[in-house]
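We just call them A, B and C in the order they show up, numbering each chain from 1.
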Amino acid sequence: MKQFTSVKDIDNVGDLVREALQIKQNPYAYESLGKRRTLGLVFMNPSLRTRLSTQKAAQNLGMNVMTVNADKDSWALEFQDGAVMNTTTVEHIRDAAPVLGNYCDIIGVRCFPGLLSKEVDTSEHIMHQFIKWTKKPYISLESATLHPLQSLADAVTMVEHSRVKRPKVVLTWAPHIKSIPHAVANSFAEWAVAQEVEFVITHPEGYELDPQFTQGATIEYNQQKALEGADFVYVKNWSSFADYGKLLCHDQNWMLTLRHMEATNQARVMHCLPVRRNVELSDEILDSPHSLVQAQAENRVFAAQAVLKRMLENL
Amino acid sequence: MKQFTSVKDIDNVGDLVREALQIKQNPYAYESLGKRRTLGLVFMNPSLRTRLSTQKAAQNLGMNVMTVNADKDSWALEFQDGAVMNTTTVEHIRDAAPVLGNYCDIIGVRCFPGLLSKEVDTSEHIMHQFIKWTKKPYISLESATLHPLQSLADAVTMVEHSRVKRPKVVLTWAPHIKSIPHAVANSFAEWAVAQEVEFVITHPEGYELDPQFTQGATIEYNQQKALEGADFVYVKNWSSFADYGKLLCHDQNWMLTLRHMEATNQARVMHCLPVRRNVELSDEILDSPHSLVQAQAENRVFAAQAVLKRMLENL
Amino acid sequence: MKQFTSVKDIDNVGDLVREALQIKQNPYAYESLGKRRTLGLVFMNPSLRTRLSTQKAAQNLGMNVMTVNADKDSWALEFQDGAVMNTTTVEHIRDAAPVLGNYCDIIGVRCFPGLLSKEVDTSEHIMHQFIKWTKKPYISLESATLHPLQSLADAVTMVEHSRVKRPKVVLTWAPHIKSIPHAVANSFAEWAVAQEVEFVITHPEGYELDPQFTQGATIEYNQQKALEGADFVYVKNWSSFADYGKLLCHDQNWMLTLRHMEATNQARVMHCLPVRRNVELSDEILDSPHSLVQAQAENRVFAAQAVLKRMLENL
């Protein structure tokens, strides 16, 4: 595997999920595979789970990890080709990224969207520059539009907890007070479409996700109807894509509560964390046996380890 | 050992001190004990000695270490149960702490007091939430009220440098320009009371520490009288506990100088560092053979290692 | 080797360059040399290459690395002897440095100049305090006046790419929008003088470097004339030394472009990075085969490894 940025980088989702589950059974089975190998992690935004789970995955494989908190530990980066750098940015990605590629065998980068320009964010300009100039296997630690390590962990979690062969999976929009990226929702959608599930997305009108990621999913604006018979409910806020980055709906009825669960097939509830409690999702759900959020977080380690293992085998 | 938050978590202080001294003789004797084990360190406040000594102790035992500088590297944490998270905090401790517990075998947390509410700080709300929700062995890296790793290192240092069987130990208040937590003073007091020493605390009136930590100690408001015949003098500033968090005294005569030492039994002088030179403690003491501050700092490694070793053996 | 702060700390530059080149051939030849040894890295300023290359060098030698981002992770440091610390600094270097020396076997420190006082910066007050009080082998990660790890990597790079026995090496000043330290330029100069090269420095009048570092070099104010027949052109901005820290010249003609290269002997162009593109150096040069900037960055690992190896062998 040369890059892990989207479900499109994977031949067979089922195989990768099974590989992650095998690693979970025996996390140290490949602990010499990463000997003398270095994973470079670049964070342009905050991270708890991704930071620690990817670090742990690398350590389980015997790799060294070097972390750069960009803009804090090092220099403000410029991404524009041909820029005359006479303002605030200090180093161009064309110079910084090859250095990282030089020092590291695999590179992971977190680069959130600005949510100011749909065109800029959708182009994944920053991610593509890192891929182009590091010239090393690349793992997305969440880009402007996708979060594949989260989606792989979510797929692993659903396989572990599914009671039926073809579960009904509902991705439901939830309220939030801030303008939030689409990456987790887009990513969950493109992975769900690639799996053997019945997949429904529900959200207020105006919150349609970028269709390139949701093609094949059913859109149902009525949340209650969408939830009927659901086996898994994935809760997530995102800002509008059409009216880019804007907040259009503040209706607290979209927050998932136990009342919403009645129509479901005793569904398990998922969220990528961090979650705004009692805004996106109620305490009563998060602290109930419905919740799978910790199982998802735990599986982040094995998702990252499966991806790193494949990359290491390919070096 | 399941937690190390106070002297109360230790059956026998002498045994633990002896264990630390044995480790100091042979720091790599247990270097495979921590293999495949991960220590998670969470800093909600600055740290130099605690950060490095605990990291080194873990490495001496073969552990991996993952450090989170909370609020800088990751997400602003919420600690209130039932909070409707529609303001500045992004992740609840009920969600973040289990993730840490999932990824790590032992958790260490530094969480200073706010010094705004005696009730909040004394409750050790933050520490108890970490313990409750990580569900892993917990090491305090300094809490709102106590700093046990420092106190263990101090106990080790006194055993190494004591010239008598039952030394006189004086904890003396020192001036400062800022409102400073009580943790080091409280902690030194509760450990001193548990050891075979004559223990006297001296401070201006109004600076009485929380009696739950000083029970058994002699309080002497006259500093000069307190210092008479002292073998060890522990210098530390703290803010008022009664008039919570306030600075009541600015009398520079409380700063320890060589003149103060005349009444002592050629006492050795201790401080946990960082120390405000020529405010809390004079250069002439710190740069003299009286000073044990570097011996204390060195012993921080072996104190942490003794605690980690006991926890690892118990996993 | 006890310290690496200047070319003056090296008996024979050629030998050290050859040692770095040998390590580059076989980076893991000494991977047990640093077992149970700890490298402490202190950054008082941002760093990308130095941070990662030194960390990687240490890991290649089997060392543990502990990094302190001073003022962010730990406490604001005081460097003035006898200071009454009743303002913003929290810990004196006399107390903090011995702790680092205690926990680490080798210490590296980055401490940029303030560029406010020539006297203060030239005294290397901060570096000397770290050396004095840590009492451990010391590696400069760039001080107020010198950057020897960069210069060693530059020397290695020139040996690798030289087509003649005694190349002509030109250090040329470049424009910049900010007041920039002299360290890289000084350091390159003192290393160039110590090597078998013809060495010319060119800059606008008023930008003369401190003569203690340039003695033996030819100063040529006419850039075009200086570049004639050059085999290597080292591009770097620095602020005035005479009119300390000031920007005197904004003439964009000093920015190196392909037009400037015509007079050279198909010179290779070097820069330490980060570089302000199209301000210091044009895209057309940086993205052309003239550029050696990535080769320089790559050699930072082996330069650091050669120095660490010598220090480890001497412990």
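Here is the rule we go by: a contact is a pair of C-beta atoms (placed from the backbone, for glycine too) under 8 Å apart; a residue touches a chain by one contact, two chains touch by 3 or more.
Computed from a prediction, not measured in an experiment: that's the story for all the values here.
Chemist: What's the rotation, in steps of 5°, that superposes subunit B's Cα atoms on subunit C?
Modeler: Superposing subunit B on subunit C takes a rotation of 120 degrees, nearest 5.
Chemist: Please state whether the interface between subunit A and subunit B is built from the same residues or different ones, using more than half shared residue numbers as the mark of same.
Modeler: Mostly different residues: under half of the interface numbers shared.
Chemist: Just how far, in Å, is the C-alpha centre of subunit B from the one of subunit A?
Modeler: 39
Chemist: For subunit A, write out the residues touching at least two other chains, lowest number first.
Modeler: As it turns out, subunit A has residues touching two or more other chains at 72.
Chemist: Once bound in the complex, which stretches of subunit C touch subunit B?
Modeler: Contact set of subunit C toward subunit B: 36, 38, 40, 64, 66, 68, 72-75, 78, 82-87, 90-92, 94-96, 98-100, 102-103.
Chemist: Applying the document's contact rule, which stretches of subunit A touch subunit B when the two form their complex?
Modeler: Residues 28, 43, 46-49, 51-53, 55-56, 59, 69, 72, 177, 273-279, 283, 286-287, 293-294, 297-298, 301.
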